Structure formats: structure tokens, C-alpha cells
Amino acid sequence: MKKVHLWLLLLPGLLFLTIFMIIPIFMTIGSTFYHEGEFTVDGYVKLLSDPYMLKILGTTLQVSFVTTLVCILLGFPTAYYISKTKARTKGILLMLALFPLLTSAIVRSFSWMVILGKNGLVNQFLLGIGLIDDPLKILYTPTAMMIGMIHLFLPLMIISLVGVMENIDGDLLQASESLGASRWKGFMSIIVPLCVPGLIVGSILVFVGSLTAYTTPQLLGGKQRVIATFLYQNAMTLNDWYMASVIATVMIVITFIIIGLMNRLARKLNPKG
Amino acid sequence: MKDKHRGLALFTTLVFIFLLGPLVIIIGTSFGDSSVLKFPPEGFSLKWYKNIFEVDMFMETFKVTMGVALLGNLIALLLGVPAAYALSRGQFRGKEFLNSIFISPILIPGVVMGFTMLKFLVVQFNLPIYTSLLIGHIVLMLPFIIRVIGSSLSNFDYAVEEAAMSLGASRLKTFFTVVLPNIRSGLIAGVLLAFLESFNNVDISVFMTGPGVSTLPIQMLTYVENYFDPTIAAISVLLMVLTGLLMVMIERLMGLSYFTNK
Amino acid sequence: MELLSLNDISVAYEKNLILKNFNLHIEKGELISLLGPSGCGKTTTLRLIAGFLEAKDGRFMFEGKDYTRVPVNKRNFGFVFQSYALFPHMTVFDNVAYGLRLRKVSKDDIAKRVTDMLKVVSLEGFEKRFPGELSGGQRQRVAIARALVIQPDLLLFDEPLSNLDANLRVNMRVEIRRIQKELGITTVYVSHDQEECFSISDKVAIMNQGVIEQLDAPAVIYKYPTTEFVARFIGFHNFIDVNGLKVNGEQVTADCPQGLKLSLVHRSGHPIVEQMKAAIRPDDLLIALQSELSNGLGGLTAAELETGWNVVAGRVKVSTFLGRSYQYEVETALGTFTVNREMEAPFETNAAVQLILPKEKVVLVRTKV
Amino acid sequence: MELLSLNDISVAYEKNLILKNFNLHIEKGELISLLGPSGCGKTTTLRLIAGFLEAKDGRFMFEGKDYTRVPVNKRNFGFVFQSYALFPHMTVFDNVAYGLRLRKVSKDDIAKRVTDMLKVVSLEGFEKRFPGELSGGQRQRVAIARALVIQPDLLLFDEPLSNLDANLRVNMRVEIRRIQKELGITTVYVSHDQEECFSISDKVAIMNQGVIEQLDAPAVIYKYPTTEFVARFIGFHNFIDVNGLKVNGEQVTADCPQGLKLSLVHRSGHPIVEQMKAAIRPDDLLIALQSELSNGLGGLTAAELETGWNVVAGRVKVSTFLGRSYQYEVETALGTFTVNREMEAPFETNAAVQLILPKEKVVLVRTKV
Amino acid sequence: SNDSAANKPTELVISTWGFSEDVMKKNVYEPFEKEHNVKIVVETGNNTDRLNKIRQGSSKVDLIYLSDYYAMQGIEEGLFEKIDRKNIPNIDQLYNIAQAPLGEDWGPAHTVAQLGLVINMEEVKMKVESWSDMWKPEFQNKIALPNITITSGPMLMDMASKHAGSTDMNADAAFKALKEINPGVVKYYSKSADLSNMFAQGEVIIAPMQDTFFGSAKEAVPSAAFITPKEGAYALLNTVNVVKGSKNKELAEKFINWHMSEEVQKANALDKVDAPSNKNVKLTEEQAFGMTYGAEVVENLKTLDLKMVNEQMASWIDRWNRELE
């Protein structure tokens, strides 16, 4: 294709994004270095020199990582199974996987309260079969928060993965088996690396999603705070958009670093991905 | 093949129970009598469904949300598909960079994007609220369109396009008669994901709503600020039914395997 | 010693029975080829042996053990796929090393063995490339190297050379044969290319619709096909219906349509049955102008030639240059015959010619299995 | 009448120059084949003509008009792809009808022309199938039908038959040739298969690394290759260095290493230059036991044979059954020779044999272009 | 006036929470629209979202409903027009506390709610009568408190400083008390609806709650009771103000006057939308159930110094984040 044609195709979208997102975002980021008319990095210093903030940041990252990891662990086999089914079943399963996305995050969080609460289904069940004597405290713990987020983001992971898995030549797994790989080993050394592009997209969606999620942690988590809490507090309650932008910039930078690391890891798994 | 996948089938079943279980609870409570989420629900009543139609704002915001999601999707397709095509077919320097630019909207925390857009679109450019809302949602949808459609494009053999051209089809004709039908599954997936993303969005919409213009998720959020009765569960159920019907319709119209090629 | 046997195997895709009561026995160290038209079940047979497919029925024995249910990765069979099936995310080196790594071969050993194997397939210097950066022929060679390097107990080749050009194909097949013999690896080989099958194999099995019609040494099959199908498949393009067979030791005479009398030497020992046809290759059929007919031509006496034994008159319709020879389509009362003849200047179209069927070159084949 | 010409064309992928100052002229109605090893640029040449690739340099003329910048879809050239490139979402019928629909042919006409074309490629009854439901061979035939049905001004075939089995391949190539002649469509044909190229073409171009080394009628190329590369490529496996060439009309004598004296008839008329080699095919080389040497063998007198003209002694090292004949690798003082001989029982390994190079069959080829 | 002369109705943009919109339409908007040839356009959302949009200055909003704490922020930032009380004679009919909760220049409160204690009587064995009872060990792991960022957050600060023995609001004292109770707090809630749910799920048996939401809590847990502690309940005042730059200030004031009228206030009370701030509205006990009603109740509600709260908020949130985990 001619270069001119290429650019003609790219330009509308590119211009649109540049004008309506990239420039504004850069100006917002830029504004974090100018406070009251002067160049400053005070916001960053304040944020990053505060051990408490760093701790929250750490916890948030940890939660996001665990969420992403669990989504991968749950999503991968599921997506693989879906990709192996016949076209019709595949359609139905994908549709079912998409269904949770139709329900607002709040409603979903509330339904998890019904499940995880003291009088919730899980406790009723465990009490019923006599496994426990006192209801377990699950709701309002980091675990509940993560369960909620996994439920929120798992469909995105599944869909991203099914997309790439469908296009993997079935002979490859057989080739690896004929060379002596067990099903598991073949899966790990062939299918997993080849899924890397989907894995990356899925992980980015889940990771960024859980990094910035606010409602679900608020509803399902207990007193645990996440970095998004501060972003919201500064933005919405305190109306301190300077600090909010600083936090956001830090979050964006973290996201880019994480994605960079993920890409690096991915390249190790699959240099062609 | 079948027995070998039995463990996997079981695992998948469990994952689906995890995914869909909460939805069952939502469906259950939406028919319950009590105004608090209870499961199993007590009594049976359709009052929450009735309530949806009694509050005008639900219908009005639903219309706005649908409008934005559909119109936005269309524009995102018009902007995104050519870009996705160029990115998957072209060989040029900086492709990787452009690729990451096109998915960057996913990477920015929603509130920040919403606020930034409010500051620039509404305040600075003084665009009407509805236009700003639309623009915000297009930005939101673009990465999904480009990523998903792009990946199905790159799996589609370019020689097939060349074949069409050699038979006399122009590039545009080739795209519509040969490429599009074959990336159908990617197209539908992309459109669907983008649609859902827009339909459920709160972060950006919250800043882009104004007098007379609001979206359903915002309305639902406003509603739960004040009440928590199963009305929003009922809305969710209606949305699921609607989507289900839509999917069945797509299936009827486009054949059995609309999600997957072959 | 019998290494492998398929006993009354049936294989089906969904409800489609592809192999039905299929039997095949292979000796240790043998290279056996499966030859047959597209869709006859060659790949299916290979995949069954490899363990990718499960038999609906029947038993698969290997080294005296029942292998019917042994999983693929426990079989230690090398498989070269028709579609290469290279791992796209690994370099050439890693592709070839894959099986060795699974076998926990030491790093140095792997390096050595992979390098050696790449030399064998003429791919030195390509170690770091990815499959996507290779030409079709190079990919195929990587696939072969990958299967060979693990020193499998059985090698399965599914059209391994179909994408190589003629010279490379010949070189590769010689290499495959050399390595196979050297390592004594029993091999099942599938190919479209007859010359390839014949040149490389100890035995060739000709398959038709899921059934082996003939399994013999290449030279035997080449000379003495048993059925019309086999004969047609291996290049006997000319068939004549025969009646009233008279057998006298190896000497056989027959009556054909249009009053043609046929005299031939039946050496194969294949039983002579009711429904048979006479068959002859284009290369073996002689074509001559009337003036060229001479005593001894095609093993026929002048008298025989004159009384029309084994001679059919016709006219040249099409002539094609084949390189070594010209090929003619000759129209006769018995139908169109195809004949090859090496000569400087070809016959003109419509030239009146005589076709002589040499006694020794005409074979009798069954029309049914 | 010259229909098409490529003048000093250069094509590059990224920085890799694939074709450099490439020239090719094709007459109207001709079928010309491109033959050459994998990676030599055959597909590249076809894609350039089709318009999928742009030349970096040079001009492409078609019917006297400059076509260098005419877009693909305005060229009305049919292209049959190596990888079929069928439209996966359309039935066989729709695939074939695609080009006609673009040309706004009436519905009835389309139905008729498509049906006729499917008959030509033996695919009646497959109209409603999708490409995914066809075997490789069937797909290829659909691709051919699709390209033919639009009655293109030029037909481009990229290994159209490589996935068919031998019989179908022969049938299809006869069909392609028939249709091509009937419709008078100028055609450029790429194939790995030499016999296919020779049998189907008016002219064959032998390519090497982006350059045409020889372009001639098939019979000329077959008999009189000009360069070592061409000779090697078309099956002259035996080469001998020559010195001291003495030319006397068509009669040439030469000195070879190890004291071998060579006498040959140089008929091709190709100029005789400094650096040449003598070449001979395995089929043309005679192999005999000492006892079998007789007057007239290889066009040599008994005296010549006795004084060692054109005779090399050696030992059989490897023998391979090729179907029609046996092939021997014979070790001699001049290196290993490859010889074919049709015979009932092969020579033993290590048998001492004489190789005779018939005067008429030895050709002189340049070692450089 | 001149707007009845023009045929095209004037547009009056009102920013409000958006609950019971159907009732508001029937009782408030529609009659006003008819009488004044006005078209009312409503923008809905929570306090913060809507206030933020006003802050951006791009909004065309004329009137904004906010709870007192957020209204105070708006006032401090100069986002509102001063009202002319002469144009709103109905203010005189309001309870004192509602007449000028943020000062004479700013809008009145159209409704009054109270923050009291809700307990699950079935589970609570002791008699609860004071805010301080929340600190009792019986309630460990059974209590929820409001988050500092929501309207009732500052009230919690007040309760805590009182519990710690300070007579007025003292952050150090408050945090000392909060740290004491913190380990036993199930959750700091941000949404009242969330709180009803916690009662329903049995997660908590006691919590400070707005009486407005008590109905749903009662429905979830029939044994729930609303208690006014002896120190007094806290007043939650929802106010209405004219946004700076409004082109319809006079009309807006007319609208405020209309909303404060006995007619509207009574109708809204009967529909259980807003507790009346108009003291002329008389309700039966049944009609008043679940609402802050009656001079005696209303006039005894405690209020906070919102100006001070506003000033302190950032540092409170910061300490809250750090000290309560």
C-alpha cells in the first residue's frame, strides 16, 4: 500500500485522538509541574516522600497484580476450552461470558454482598453443612474486594484470550506432543507463548481496571484504601485537581512501567509476539 | 479428545458459575418483594420493573445512553477501522508507537480522563454537553475497535485481498466484499465490547452530563445514592434480556457462527 | 521382525468412516510409503499411528505391546507435518532443540546435535531465524530436522518434500533415506510423488479410499500392479478390455474389442481371474509409422506383426514435449492411447501411426479388488 | 506481436534487491514459464506483473501502453495464487462469480459461465460448498476457475498445481493448456515442476537469483542449456571440466582432467568461450560392464572406445530404484557420476563399470552467465 | 411580569439529586411551569458531581440543590448569587433552623432530616441512649460508621470529640476516640443504601443513620429502631441556592418561594419525599412516620459550624486516612 494511502487511513483517527485526548491529557500532566504559575515538582515530592502513600501504592499494586494473576489463571483454561468448542457452543459461551459486563458494577458488588455477607449464601452453606460454627468474615476484607474485581474483569480477559487462541494452528500442540511433550508441557511451551498478544491486552485491561477501580473496593473492601480512593478524594471531595492530577500522572506512569515490564516478560515467552 | 478435556470442562463450568452466579442473584432479587437485596428472594413481585417505567429519567437516560453508544460506535468504527486496517497492512516505521497511541485511552484512569475532557471540551472549547459526551465516548471506544478488529485483520490472509483486486475489485470494493465479511467476528466482538464499555461508563459520563443530558449508569448511580431497592437489579435484568434478544437476532440474521469464522 | 501392526483398525471423522478394517504390518528398520490419491486416508493413517487420532475399532501393536491407548507423548515417534507445524515463537534452533530439551539432554549435547542436524538439512546459519522468516522449503527442512533429532522409534512423514524444488527434493530424499538407514529408524512415508516413493521405500502401499490395494516392493509394484486402480495410479495410462484369456504357462493370449488379438507374457504370478484388463504404460507402448514396423519389434515376429497381433492403428491427435520425450495422444478404434517416444522431430498431428504393445510390457490387472 | 515487456525492472523488499534490471518480453498468445530454484524471484516477478508490487525502477509495458502505475484492479489480469487465496466466506459458485459480478455481467450469463467453468475444472456439484469444505486439490481448481472465468488479458499462475496428485496434475495442466490456447490468453506460469513447465509452455525462462539465465523453447532448453546453472537445474547432473577445446565445425574435442579425452558434437550454436564445462544427463550417460563395450556405442568407434575417448572407468557405489530405471552413483577418478539405466536386474554395489559419454549427448555449457 | 408576555417559555435549569423525580414533577415543577410559562430542565447527580460542574463555570444551571455542607463550599468559593429575601416571603414560614442555615445571604433549606442511631433491637441487649454507647465493647465488629467524606462524616467527628470529653469540636480528641473504636468498626460507609444492606446482611447491629433511609432499613430488618440520642440528633439540611451568573435570578427566587410554600411542602411530605421545613405543615403521626417532623424535634437538632468544617476538612481527611486503618 502506498504511504499516502496509509496516512489517509490513519489520520482521521489519529487527529481525533490527538485533539480530544492526547493534547488535553498532556496539558493536564503538564499542569502538575506548574502550580500557581511556577515550575514545581512539589506534588510528586509530597506524594512519593510520604511512606503512608507509598504503602497504599504498594497495596494497590499488590491487589491489582493478584487480580490480574487470578484472572489469567481462571481465564486461560476457560478461554482455551471455549476456543476448542464448536462454533455454535463457542458463540453461546462467549455470549454468557459477556453477560456480566451488562450489569452495572454497583449491582454486581451488591450481589456479592449477598453472597459473601455474614448471613450470605457462602456462610449459610458452610454453616449448613456444619463446616464452621461461626460465620466467616469475608465481606469487607481485601479478599472480598479482589473477588469483586475478578468478577468485574474476568470477562475481558476471557474475550481477549479466545481471540488469539482461535487462530493457533491445532497441529502445533500435536507436534509438541509427538516430540514428547505432555499435554501440560505442550500447553505451557506452545499455547501459552502464542497467546501472549491476547494475554497482554487482557492483562492491561484487567490491571488498569483494577488499578483505577473505585466503587468495588469501596463497597466490598473494608477499611482497606487503594490509590484510587485518594484520586477520588482529591478530585471529588476536596476539589484539589492539582493533587488529583499528580496522583493520576503517577498512576499513568506506573501503568506504563508495568506494561513495559509485561511486554518484556512476554518477549521472553514469545519473541515474535 | 473428549475425555481429555473433561477436567477442563469442569473448570470452565466452575468459572461460569462464578461469573453467572451473581447474575442469578440479581435476577432473583429483581423479582423479590422486599426492597432490600435478599436471596433467595421473599415473595414475588414485578413492582421494581414497574418502577423503572414510572421514573421518567430511566427511559430518558436510556435513550441518551443508547444514542451515544450507537452513534459513538458508528463514528469510532469510521475512525477506527481505517486505522486498524492501515496498522495491520502497512509496513512503516513508528507503527508500534501508533499502536500504543491508539490503545492509550485504556491506560488513563477514567476520572482523570473525564475531568480533563470536561476542562478542555466543555470549558475551553465550549462544546455542547451532548457533543462532549459523544466525543468522550468515541475516545473510550476507539481502542477496543482498533485492537479487536486489528487483530482479526492481521489474521486474515492478505493474498485473498489481492485476489479480489486482481479480479477487478477496487480497494474499497475489496474491503466491503471480501475483508469485512471475513473479519465479521472481530467486528462484532469489537463493536460489542466498545458498546458495553460506553454503555456502562460512569467515569467519563459523570463529567459530560448536564441539564437534560444524562446517561443510564449515572442515573442508576444517582438512584442508589438515595435508595437501594432492586429497581436497578431489574434494570440490569432488562438489559440482559435486551442483549440476549439482540444476540439471538444477530445469530438469526447472520448465520449460526457469527462469533467465529468457519 | 514385525515392529508395528495395525489390526482391523477403523477410523471415522464424525460419522464418516475413513479407514475400515485397515491392516498394515511393518518390519523393523523398514521404510514404507503410503501412496494414493488425495483424500484416500494417508494422513489419517499417519495420524492414527502417531496417536493424534483414536481408532474406533481395532488394535495398534508396537514392539509387541498394545499401543492403542498410549498417549502421543509417550510414543517417541517423530512426525513431519504436511503443514510444517513449526513453533512460530521459537527460532530454528529452539524448534529443533525442543524435543531434546524435553528429554533433558545436556545443553552442550543439544547444541551439538542440533547443529549437526541443521547441517544435514543444509540450514547452517539459520539457527537464529524464526519460521516466519524462512521460505517454504526451508521451513520444511526445519520440520524434518526437528523430527529426526530426537532419534525416534518410528518416523512419520506427511509429504515432507512437497514444497521443495526438484533438485532439493532429490537431495533431501537421499538424505532422509541415508539417515533412516544409518539410524535404522522404521519409517512411514506419505507422498504424492511416485518417483519419490519408489526411490526411497523398501515397500510401497497403494491406497484407495481407505484400503490398501497393493503392498509390495517398489519394483514389484512398478512392474506388476495387481489392480486397475494401482496400475492407473502408477502410470499405466492405457487399458484394454480383454476376453477369452488363454493361459499357457506364462504365455497368455486374449481377445480384445475391435478384433484385436493380444499376446503377452504374464510373469507377475498374480492369479488370473474373470474380470481383467490389459494395461500398458505410455513409455512402453511403441509408436511407429507403418514403414518402421520391423521384425522383433516389441518381441513380436514379423508374422505376428503382419497378422495384427498386438498392433493397433491410429492417428496422432495431440503431441506434447515432455523434455526427455514427446507424448502423443493417439486416436484408435479402441479409444485414445497415450504414448511417449524419444525422438528428435515429433510426428505431425494427424499422422497415421501403428501402436505396438510389446508382449513383455503388457500386464493383466484385475478390475476389482 | 509483443504484448508485454518488462524493461530494466528492479524490485526490492525493504533494502533487499530481488530483481535487478530484469527484462522479459512476451508475445501475444504465448504461454511462458518461469522456472528456477526456491527464492529466485519467480513469485516476485508475477506479483510485479499483476501490480501487487511496485517496481523501484524500470517500465512495464502492456499492449503498447505504460502499465507501470496502473492499479491492480484496472489491469484485468487473472492471478492464481500459490496459497489459493479463495474467499472463505463465499461458496465455490460465488468465488468464481465474483469477478463477473464486478463486471456487471447479467445474472443468467454469470450462472452459465460459472457453471461451464466449473465443468472445465471438474467441480460440478460443488457450487454450494465453502472453501473450508474442500480438499487442497479442489481449492486449487476453484482458484483456477476464478481466474479463468473473467477472460483476462493475461493469466498469471503461481504454482497452481503443486498440491494436486500426479494424475490430476497432468489432467489439469492439459486443461489449462487447452483453455489457454482456445482463448488465446497470454500466460505466465510459475512452477517447480520441470516436466510441467516443459509440457505446457511455448517458452521457458530459467531464473537464477533474480536474473533470467536462459529463455527459449522447451525443447531447446532441454537439449541445449547455455549455462552450468541451467544445465544443472534441468537435470544434467554430471559435469566435467574441459580444456584445450578444438573446434572443427560441429565437431569438438577437449582435454579433461585425469587424461580423459572428450569428443562431442556441438549443435546448439551457442558461442564457445573460455570457461566451459561438458555436461551430460544421467539418462544419457551409458553404463556398461567392460564386456558390454561394443562398436558404435555412444556414437564412438571401437577404436575410439579402446583408446579411451569418452570412456571413464568407475565403481558402482549406490543403486536406487526409480521405477522406470535404476539409478547408480558411480565413483570415478573424475568424481561421482550419476547414471540411469533401464534393466531388469541392477548392477551389484562395487561392480566395476565403464561410463560412456555419447558424442551427441554431451553439451558444452558456460560456467558463468 | 414580562415572562408571561413572551410566548416562548423561559428555561429554568435546576440541578438536583434526582430522586422521586416523578413526585417532584407533579408537586413542584409542573404547577410552576404552568403558572410562569417556564420550562424546567433538570440536571441530576450527587452533591460533589454537580458542585464540580458548577465550579467549572460552564454550567447553565440557575438553581442548585445541595446539602448544607456542600452548599457551604459553594458559598466559600463564591459560586452563588446572594438572594433577595424580599422575593421569598415564604421563608418566614420555615423553622428557624431552615431559614438561613448558611447565612442571611444564602438560600433556605427546603427539608430537614436528622442523623440518629439505628439499632437492631433483636440483637442489642443493652439500652442505647447516647452517641457514646457506640464505643461500648458489645458493639465491637458490629458497628458501621460514616466515612469522613460524606455529609455525616463531620458529625461523626463531633460525636467522637464529645465522647473524648471535649466540649466542642476538637480534632485531636476526635481522632483519639476514633482510634479507640476503629478496630471494631466493620466499615466506614459512603452510601446510605450500603448501610441498609449491612443491617440486612447482619454485618452490623448499630450505626448512625439518616432518618430518611430508616424506612428501608426497617424493611430489611423489622426489628430495627431509630433512636435520638440524648445529646440530640444532628440536622441534615438540604438547601437551595441561585447559581452565580443565572440569567433568571428573579424567576429562581420565585421558584424557591414556591418550593417553600405550605402547599408544596405538604404535598411532598404526604408523598414521603421530603420532611417539611415549613412549620405550617401539619401531619398526622402516620403521615409523619420516618420523617423529621415537629417544631420540638426540628428546633432541637444539632448543627455544626460548617465554615470551620470546611476549613478543616482537608487535614481531617488526611489524618483519617493515616490514622484509621
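The letters A, B, C, D and E name the chains in turn, as written, and every chain counts its residues from 1.
By our rule, contacts are C-beta pairs under 8 Å (C-beta built on N, C-alpha and C of every residue); 3 or more make two chains touch, one makes a residue touch a chain.
What you are looking at is a predicted structure, and each value in this text was computed from that prediction instead of being measured.
Chemist: Quick one: how many steps at least from chain C to chain E, stepping chain to touching chain?
Modeler: Between chain C and chain E, the shortest chain-hopping route counts 2.
Chemist: What chains touch chain B and also chain E?
Modeler: The common neighbours are A.
Chemist: Higher C-beta contact count, A-C or A-B?
Modeler: Result of the comparison of A-C and A-B: A-B.
Chemist: Using mean CA coordinates as chain centres, what's the chain B-chain C distance in Å?
Modeler: So the centroids are 56 Å from each other.
Chemist: Round to the nearest whole Å and give the separation of the Cα centres of chain A and chain B.
Modeler: Each chain's C-alpha centroid was found; their separation is 17 Å.
Chemist: In whole angstrom, how far does the Cα centroid of chain A sit from the Cα centroid of chain E?
Modeler: 37
Chemist: What positions in chain E touch 2 or more of the other chains?
Modeler: Residues 49, 52, 191, 194, 197, 200 of chain E touch two or more partner chains.
Chemist: Please set out, as single numbers or ranges, the residues of chain B touching at least two other chains.
Modeler: 37-38, 119, 171, 221, 224, 228, 262
Chemist: Write out all the pairs of touching chains, ordered by chain label.
Modeler: Contact pairs between chains: A-B, A-C, A-E, B-D, B-E, C-D.
Chemist: Could you list, by residue number, the parts of chain A that touch chain B in their complex?
Modeler: Residue list for chain A touching chain B: 1, 3, 5-10, 12-14, 16-17, 20-25, 27-28, 74-75, 77-78, 80-82, 84, 87-88, 90-91, 93-108, 110-115, 121, 151, 154-156, 159, 163-164, 166-167, 183, 197-198, 201, 204-205, 208, 211-212, 214-215, 228, 231-232, 235-236, 241, 244-245, 248, 251-252, 255-256, 259.
Chemist: Under the stated contact criterion, what part of chain B meets chain A in this complex?
Modeler: 4-5, 8-9, 11-12, 15-16, 18-23, 25-26, 29, 37-39, 78-80, 82-83, 85-87, 89-90, 92, 98, 101-113, 115-117, 119-121, 135-136, 138-139, 142, 146-148, 151-152, 155, 171, 186, 189, 192-193, 196, 199-200, 202-203, 217, 220-221, 224, 228, 232-233, 236, 239-240, 243-244, 247, 251, 256-260, 262
Chemist: Chain D touches which residues of chain B in the complex?
Modeler: Touch list, chain B to chain D: 157, 159-160, 162-171, 173-174, 177-178, 181-182, 184, 261-262.
Chemist: For a test of understanding, state which residues of chain D touch chain B in their complex under the given definition.
Modeler: Those residues of chain D that touch chain B are 50-52, 71-73, 75-79, 81, 83, 85-90, 98-99, 102-103, 132, 143, 146-147, 150, 156.
Chemist: Provide the residue numbers of chain B that touch chain E in the complex, in ascending order.
Modeler: 34-38, 54-57, 118-119, 122-123, 126, 206-207, 209-212, 214, 218-219, 221-229
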